[in-house]
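The structure's right below; bear with me while I get my questions together.
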């Protein structure tokens, strides 16, 4: 398996495949389906200081080759995650990337400080891009100055490397990427969902109770690839790419554009075994491309 | 047909269905397929002062439920459009919306001044959002101040109402919409394409010669609906909505979100008869919804 | 255990207006219980993208066959309705907890209340209750006669009463109207159907033990995405349940209606 | 006239490795000419979204049948290859200009040069040339023997020579190598195949009249979207052609290779 292994800040991964935050819960459900130790890493669901109950239902809606969601950062809160969720995952040989969310800088700092001390949390992912909470993360993700300051604050307290998850709902994602790099981010994860809406055919009202939701799935892949491609050119920290990944070819595409690893979100709902399947398919793809080690293809679009 | 008719600045349309700019050429090819007088209006291909040869090929690529294009505003130039293209369309009983593009404010002003004198051009559509030209339209579409100034300049010279075509590739589309309204725009058309990229599976290089392309088709509809919904709340000028329209239900959705009319782009490639088909389907849809006149559903999402 | 399997279509037919009965063959049948559901992927392409949750209506472990009954209305179910005998269907399941069959003592009576497309899971439930020597009374509401199904099948299992909104079949009105009239004697009730029906039922038999099966829009179907949450009446911190993995069946009183 | 029609599959078979021969029945056959193409929608869903351009390989106006030959490699053509006899296929066509059959005088000789999946349109062309009393010489290049097709069919129409890149069939090399060797005598050449082949051919017969058929990524297929542009050698303002509507066939020298 060493053909697929690589090193990222905080993480030595067996392979670059990891479930994306919010699409894998805290891993428990999927651990009944397959051995989570197969995964490169796990990005757990966003954790906030307090318990969040999230948005009213319906929270999901299907769209052309995609879906909308407005879960609203529902999670049991920092204390429960530390006490129950993270310890459960310790039985697996897999590094955890903890997705950190909040409303104020203090929130992020509090979660980051605490959660980065968990033994299996090897990196943080600052969610400055969730489109589904009213007062919250999203402004951090659209203003480079605020984003940079947040990263600086979190870097001061985190025991592990800090990745920042970027929002695609911006005029210039490169600007934000550079800002978080300047703030000391160890890596970038991208993209979060695009803000979208679906209307009920009869009533004309939004299907999702929250009104808008975040668009994910194959539909957004061209936007995600373009953004990874642009950010790769502009920063020197590694990128974990995501947005519509469903198979090994998509992984090759994201890594070609410049991602060092790839996260799989929506595809877990379509096929809960998709991550191990992709990991199995990858060596064959490398064979076809005549590549020895997966990491050789990182950024090949730019050559 | 009066169930479908409505009034828009400069345009009395039989129905609110019009082919989107760039997806219908200057109408000639489609006039061999059906009677263009059936259409509510026609948005002709972007016209620039000079002849433009556009980008190298490949210029299109397919994506999940969508496509990318980077035509690069190829067009025969203002003089030819005035001399050949527009006169040809005079034989049809259909108002033309002329899509105006350029690199500088002077370009836009020159095209607008001249083309707005053509007898069948009933409105202009300022293309401040084309993602496929390097020095050009796109900055006008991302900066509210520049956008407003451009509209003011064009309004001074145009003989007909001026619509402005907005880019979805911005952090805050409402801000741009308000700016162009303040600049005197008579209407808004939205959305242009999302910037995206597809990579060749073998080489990892962009499929489209230009690198990036504009994403259109069903995949983008949720983003377009969301943006129309938001802009409708913020401005008092009418909106012509587009992005992934393929059938009568999509028209109902865009109008529910707040569009007064709807443009059809990519779907013309999938089914060249799609516009007349939608026009035929619409009365049945109104029946189902128990609505007398189509314009009654404009903005019903917001009730 | 939850598995993913390409099951084989062994039968499919339209048994009422837009209502299809589909029988699938595969190993996962061995793990199925009444009230559980399967999550069906109707196409191998991205269109439509998400799986469709459909209740298990009948389980035949000897033949390795399970039957589902569904209304083909939207995009996904319409595609499903076009599958031919011999076609493969990608099924994830069995999912959810199912109805507690042993909540009624042997010799007791169970009241099964269903509304429209909520009726199917009650069929396997009735089978298993009857197999345990429990009498079943069936009270089902439909919109019109056109969309009624399985009258004969349920009649062979126990007293069966239909009510339709337009009176085209059985009495006219809602299940609660009919229950008011019938005043059935029973020990435990099981119900599946639209929310207003479940809500009405909860208040109807305050003294009785009852189990309600819920529906909610789903993403994963296995408890990971938090799409299918229902608020509970519980005032503690953990004041929600997931329909897909904690449910779809909850004892009366659990979910905040 | 360009029409859209749901044509019916009357035959489909794999005639070489991943190479399919598909015969469709419909009215639009009446308007077809050699060298034209059809734009095929392989699915009624959004996946895949765009039509696929495929050349017309054989036209049978009596039977209202047309045959196309295509390589099933990508997403769309793979779906097309699964169509069964009796299925409907959404076809837009006929599109493009086609080969000028009357460019050769009766009794003359035409050289038909094809590369891989560029060979199919030359089949109907050869038929029509032969019908007009023109002798045809066929020189075709393929990658390997595995993907060669229609040897017998072409042989009944005229001298037929194959060349393969790996030498597994006919001589080894490219069509130009074989032409060099054969030194065929002819009046007009017609060619369809990969760009390097067309480029080589242009320089090969400077004195001869020739027609080349081009490929380019397409959107609309009818001349409206400007996706399929080729630069011309013409230095005037209108220095491009559209492959879909001005082509796909151009006289030698028109397109800037």
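Labels for the chains are A, B, C and D, by order of writing; each one numbers its residues from 1.
Keep this in mind: a residue touches a chain if its C-beta (ideal position, glycine included) is under 8 Å from a C-beta of that chain, and two chains touch if they have at least 3 such contacts.
Keep in mind the model is a prediction, meaning the values are calculated, not measured.
Contact with both chain B and chain C is made by A, D. Chain centres here are means of the Cα atoms, and by that rule the chain farthest away from chain A is D. Of the two chain pairs examined here, B-D and A-D, the one linked by more C-beta pairs in contact is B-D. A separation of 34 Å divides the Cα centre of chain A from that of chain B. For this pair, chain A with chain D, the centres built from the Cα atoms lie 47 Å apart. Chain centres here are Cα averages; for chain C and chain D they lie 55 Å apart. Residues of chain C in contact with at least two other chains: 46-47. Looking at chain B, one finds that residues 64-66, 217-219 touch two or more other chains.
Viewed as a contact network, the protein chains are fully connected, with every chain touching every other. Put simply, chain C touches chain B in their complex at residues 46-47.
Chain A contributes residues 64-65 to its touches with chain D in the complex. Here chain B touches chain A in the complex through residues 63-66, 68, 142, 169-171, 194-199, 201-206, 212-213, 215, 217-223, 225-226, 229, 244, 249, 252-253, 256-257, 289, 297, 300-301, going by the rule given at the top.
If you check the complex, the residues on chain C that touch chain A are 1-2, 4, 41, 46-51, 92, 216-231, 237-240, 245. Chain B meets chain D in the complex at residues 22-25, 28-30, 32-33, 45, 51, 53-54, 57-62, 64-67, 69, 71, 74, 76-77, 217-219, 246, 266, 268-273.
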